[in-house]
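In this document, chain identifiers A, B, C, D, E, F, G and H correspond to the written order of the chains, with residue numbering beginning at 1 in each.
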Amino acid sequence: MTASVNGEPREVAAGTTVTALVVELGLPAGGRGVAVAIDGEVVPRAEWGTREVDEGARVEVLTAMQGG
Amino acid sequence: MTASVNGEPREVAAGTTVTALVVELGLPAGGRGVAVAIDGEVVPRAEWGTREVDEGARVEVLTAMQGG
Amino acid sequence: MTASVNGEPREVAAGTTVTALVVELGLPAGGRGVAVAIDGEVVPRAEWGTREVDEGARVEVLTAMQGG
Amino acid sequence: MTASVNGEPREVAAGTTVTALVVELGLPAGGRGVAVAIDGEVVPRAEWGTREVDEGARVEVLTAMQGG
Amino acid sequence: MLELAGRQLRSRLILGTGGFPSLELLREAIEASGTELVTVALRRIDPGMRGSLVDVLDAAGVELLPNTAGCFTARDAVMTARLAREAFETDLIKLEVIGDERTLLPDAPELLVAAEELVDDGFTVLPYTNDDPVLARRLEDVGCAAVMPAGSPIGSGIGIANPYNVALIVEHARVPVVLDAGIGTASDAALAMELGCDAVLCASAISRARDPVRMARAIRAAVEAGRAALEAGRIPRRRYAEASSPMHGLPELSGGPVE
Amino acid sequence: MLELAGRQLRSRLILGTGGFPSLELLREAIEASGTELVTVALRRIDPGMRGSLVDVLDAAGVELLPNTAGCFTARDAVMTARLAREAFETDLIKLEVIGDERTLLPDAPELLVAAEELVDDGFTVLPYTNDDPVLARRLEDVGCAAVMPAGSPIGSGIGIANPYNVALIVEHARVPVVLDAGIGTASDAALAMELGCDAVLCASAISRARDPVRMARAIRAAVEAGRAALEAGRIPRRRYAEASSPMHGLPELSGGPVE
Amino acid sequence: MLELAGRQLRSRLILGTGGFPSLELLREAIEASGTELVTVALRRIDPGMRGSLVDVLDAAGVELLPNTAGCFTARDAVMTARLAREAFETDLIKLEVIGDERTLLPDAPELLVAAEELVDDGFTVLPYTNDDPVLARRLEDVGCAAVMPAGSPIGSGIGIANPYNVALIVEHARVPVVLDAGIGTASDAALAMELGCDAVLCASAISRARDPVRMARAIRAAVEAGRAALEAGRIPRRRYAEASSPMHGLPELSGGPVE
Amino acid sequence: MLELAGRQLRSRLILGTGGFPSLELLREAIEASGTELVTVALRRIDPGMRGSLVDVLDAAGVELLPNTAGCFTARDAVMTARLAREAFETDLIKLEVIGDERTLLPDAPELLVAAEELVDDGFTVLPYTNDDPVLARRLEDVGCAAVMPAGSPIGSGIGIANPYNVALIVEHARVPVVLDAGIGTASDAALAMELGCDAVLCASAISRARDPVRMARAIRAAVEAGRAALEAGRIPRRRYAEASSPMHGLPELSGGPVE
């Protein structure tokens, strides 16, 4: 199954949750400093454990950068 | 019959047209430099001859002033 | 005998030294912070004890003031 | 006979007057716009006809330039 | 020649008519200024008014540029523009939507809304704006025929408070830029033109000067001077001096014959 | 009319002749500038020189103001002034005693010495000075016919670096004040006049502009503009706006008939 | 003590984290600056990134102020703010809605729309705005917790291009005013505080200085200096001198005994 | 560490003692300022004077820098310097030779004469000069231990009227440059240091502030800030913005799933 993660196509197993994806990407499980949007909508952290990434979903995984 | 002309109550005869009112106010009949609004709407010059001032109408008669 | 001290005429006893005059004016004997000129010439402190104030001498007795 | 003219050595015939030198240099005889100094002194125009250039004299022949 | 709002104008000075002590002084100042375009406001008729402003302006042969001064909302400004169109039979409008009585600076969002609506309604819109380069671009994007940034608040005489911003506006604009508001004296007008503005709009600096007619002449000359200077291509600013007299060919003046 | 050094001058612009690419451009710029007084330097004759500067200037009907540019001591400046008097049959001298090659700013003590000596020798001395109000006063006190403060270093185009000092000089002077050096463009010249200077002396800003003749016209107009603005009496600077359209007589435009 | 967005802050310097060459230098600069509040951006995770910015900032004990840098529409800015709220568990947001890539100045109408929406959504909104006093007032009116005007474009180092406008904003504001963007060096920061700003936000001036840690110290001292100077009540500007040494009591030093 | 006149000074702020309402406030301001060097004037003894200035200054552990304020000729200044040497047993002298009561600016030729004479007489001369780079160089050439240019007239609070000239002085000087006179508030002092001055001398800005002790603290911090900023190497001024947040890594936030 293919989703778009940060603009790049990425194979994800069916049933992959946001939490799983975040961990896969090497980010801290706790998620401090990380935000996720799917298809232009924010995914609240409370839903990461249950929200699955669908085929073709456009996922943005964002984190803190120096700036401003 | 009473209308409001430039914020002041004014007696106007029933059937008074905009043109008549303008002349009554001492302005040139041609109307160059004069504009009229009734109840918050512009009265195009072409309608001055036919448009009558109603009871309670709020008429604004404006002209050029130094400014800007 | 009369001398001018800081622009004002002042009676001084004959034989009055600069040191004596300075003390008379209520200044510290040591003279720290005080300078004296007579007739447009600086009187070095070493000479205060011996230098006498002559009749008609123009004496300036100066001290530190806030400034600059 | 050699003189220095504007910093360069120049052969001049004995008895050469300032006027003669100026003409030799291709300047208008009248001298409008030209000034001459010899040995650090101005030579007034009235003396050009009689003042001779001596051996070793340092002659400056100056004229108007754009400037200022 | 300035091409502004479809007109060809010889004069790059637009005159505001506010503040002149008399119509006669206004008339003389118009003549002295050489302007071809003057602003007017629209107000309730004043029974005590003597002389007709429009007659004076028509006789002077200048075109009218009505304004929406005194409007604090897009709605009022649009309405005023429509009344002005009726009164003066012109689609030209100097659009003002004021945001603050103290500074009389424009209200950016309301201004943009009004500009868009008036452009859609067929007006040729000349908006009085602040010196924000982004807003100037937005006004241009919605179809304004020029942008008219304030140098500083109306009537303040402060001049061009932020020449840097005015230069940014000019650099980016594809419509004429008219420096409007804040001019205090001739050098301010010259500077506006040197920054690349296409024209200057000036009211109080002239009308409230001690001698308005002479000041009209002064500002006119300054606008021409600034424009000519821009076209002539000024020298760069240098940190150090550059001699204007030759540093060679200097005589040796100190002293006697060669040893 | 400017009364300067016993002359009555219609033009308040003195032109420096340095830096023009050709005598022809100089000639045209003189005409465009309207100047009646132009500076010249005195240098060793240059065998390669084509055309006579003096002939061009005489034909233009302008008076010559020789300078002592390039002199670093009072002695050299005095000698140069005397040579200039012989060359040009004039007692006018623009006195320059330079103190520093980098800035070409004057050497105050040497300048004062030279000024005094030349005044005693019958010259009409126009000293190029810095913007120090005290030195300006001293130069006046020794008999100079004018003071000519630098706005900024010669040829720098920086304009008037310290308008405050120039205003102090003007305020105190009993002889004409000529802003000399530093002008970069038209608005600088207008500002000089608005500060109360009696005239402007300008060389590089014109001669080294991309189009010298057009810049001559620009600076001329700016000098006239600044002078007229001064005479016209500018409006004060205000912290807040002052409306140029009436704030009364505004219509009530929002909505329907009276309830 | 600065009360900002419900916080009590001892430091009036907000530090932008952009532009530091390393996290270690950022850490040291935070310490040197004394700041208690630092901005962060939100971007796609960068696989090559070493070290955790958030860890560094948490260890430094500073609060995070996420920004919406890079957003050109109200929509994107609002969305970014919501993501930031999730990421950093804060309702604080530095709202940026950029209008122009060249100047990075804000887009006034979009900014106002976004501000209103975020306030309604429960955010504590600190908008990066231009120096327009009217827009500042509008932002305050929709409920922003502060206004943060640009002194000049981000990273330009130009300082406060229009101190007059900043003063107008301060004069009228009922929320804290934070000078954001344009600071180039210490004196700019001091001036901001003297104009009455409540705090200064500074990134590039520190992070891109040759020695960022020393510059952090410099700007910190400047902010404190400017604030203290404001509170101390500066002397007025005078046209003329006022002696700081007594002009009486001067001795008579010239010459001999009384005749 | 500032090396000035053979001293090693930790503080780069020299305090003028004129204008303090009381010796107690002076004492507190000295402490708050951190200064190690303070000026004093020499005047006829005042019988009504209470408290000893010298005692206060000695107790504060600061060194005295006597001045020649009020002198209008080289002769008077030299004489006053000699009296000061007797009174305070120091060869340090702040040399002032005033040329004008209105501006209290120095008289350049007299100043140079006095400086030379005092140097020859063994004094360590710190001359108060104007902002003329040429005069500064002459003073250095005759052996002054520093040059102390006025930013603007004494007590005027105008700040640094011509930063360009101060920068030229700094650039050329081989002795310390002390910005003396004209400082109005903290940012002026910071700017002086950023221009490269080695120290700031400040009297009225502190002594006549509403709260002199707090202003002493402010100016002290500003001097330190300006110096640190100079050493830290400021960012260049840029015409356009430079983003302080990354412009890459921006998310794609608009809309639904990939088509």
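Basically, a contact is a pair of C-beta atoms (placed from the backbone, for glycine too) under 8 Å apart; a residue touches a chain by one contact, two chains touch by 3 or more.
Keep in mind that what you see is a predicted model, and the values were worked out from it rather than measured.
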Minimum number of chain-to-chain touching steps separating chain C from chain G: 1
Pair joined by more contacting C-beta pairs (D-F or G-H): G-H
Interface copy of C-G among A-H, B-E or D-F, judged by whether over half of the contact pairs recur: A-H
Distance between the centres, which are taken as Cα means, of chain F and chain B, whole angstrom: 60
Inter-chain centre distance, chain E versus chain F - centres from mean C-alpha coordinates, in Å: 29
Centroid distance [mean C-alpha coordinates] between chain F and chain C, Å: 55
Rounded Å distance, chain A centre to chain G centre (Cα mean): 34
In chain A, residues with contacts to at least two other chains: 6-7, 37, 40, 60, 62, 65-68
In chain E, residues with contacts to at least two other chains: 16, 18-19, 41-44, 46, 67, 69, 79, 83, 102-103, 105, 158, 203, 244-246, 249, 251, 253-254
Partner chain A, residues of chain H touching it in the complex: 244-246, 249, 251-258
Partner chain G, residues of chain E touching it in the complex: 99-100, 102-103, 105-109, 112, 130-135, 137-138, 152, 158, 161-162, 164-165, 168, 172
Footprint of chain F on chain D - complex, ascending: 6-7, 25-27, 32-37, 40, 42-45, 60-68
Residues of chain G touching chain H in the complex: 16, 18-19, 41-44, 46, 67, 69-70, 75-76, 79-80, 83, 102-105, 153-158, 184-191, 194, 203-205, 207-212, 214-215, 217-222, 224-229, 231-251, 253-254
Partner chain D, residues of chain F touching it in the complex: 16-20, 26, 39-47, 52-54, 57, 64-67, 69, 79, 82-84, 86-89, 94, 96, 203
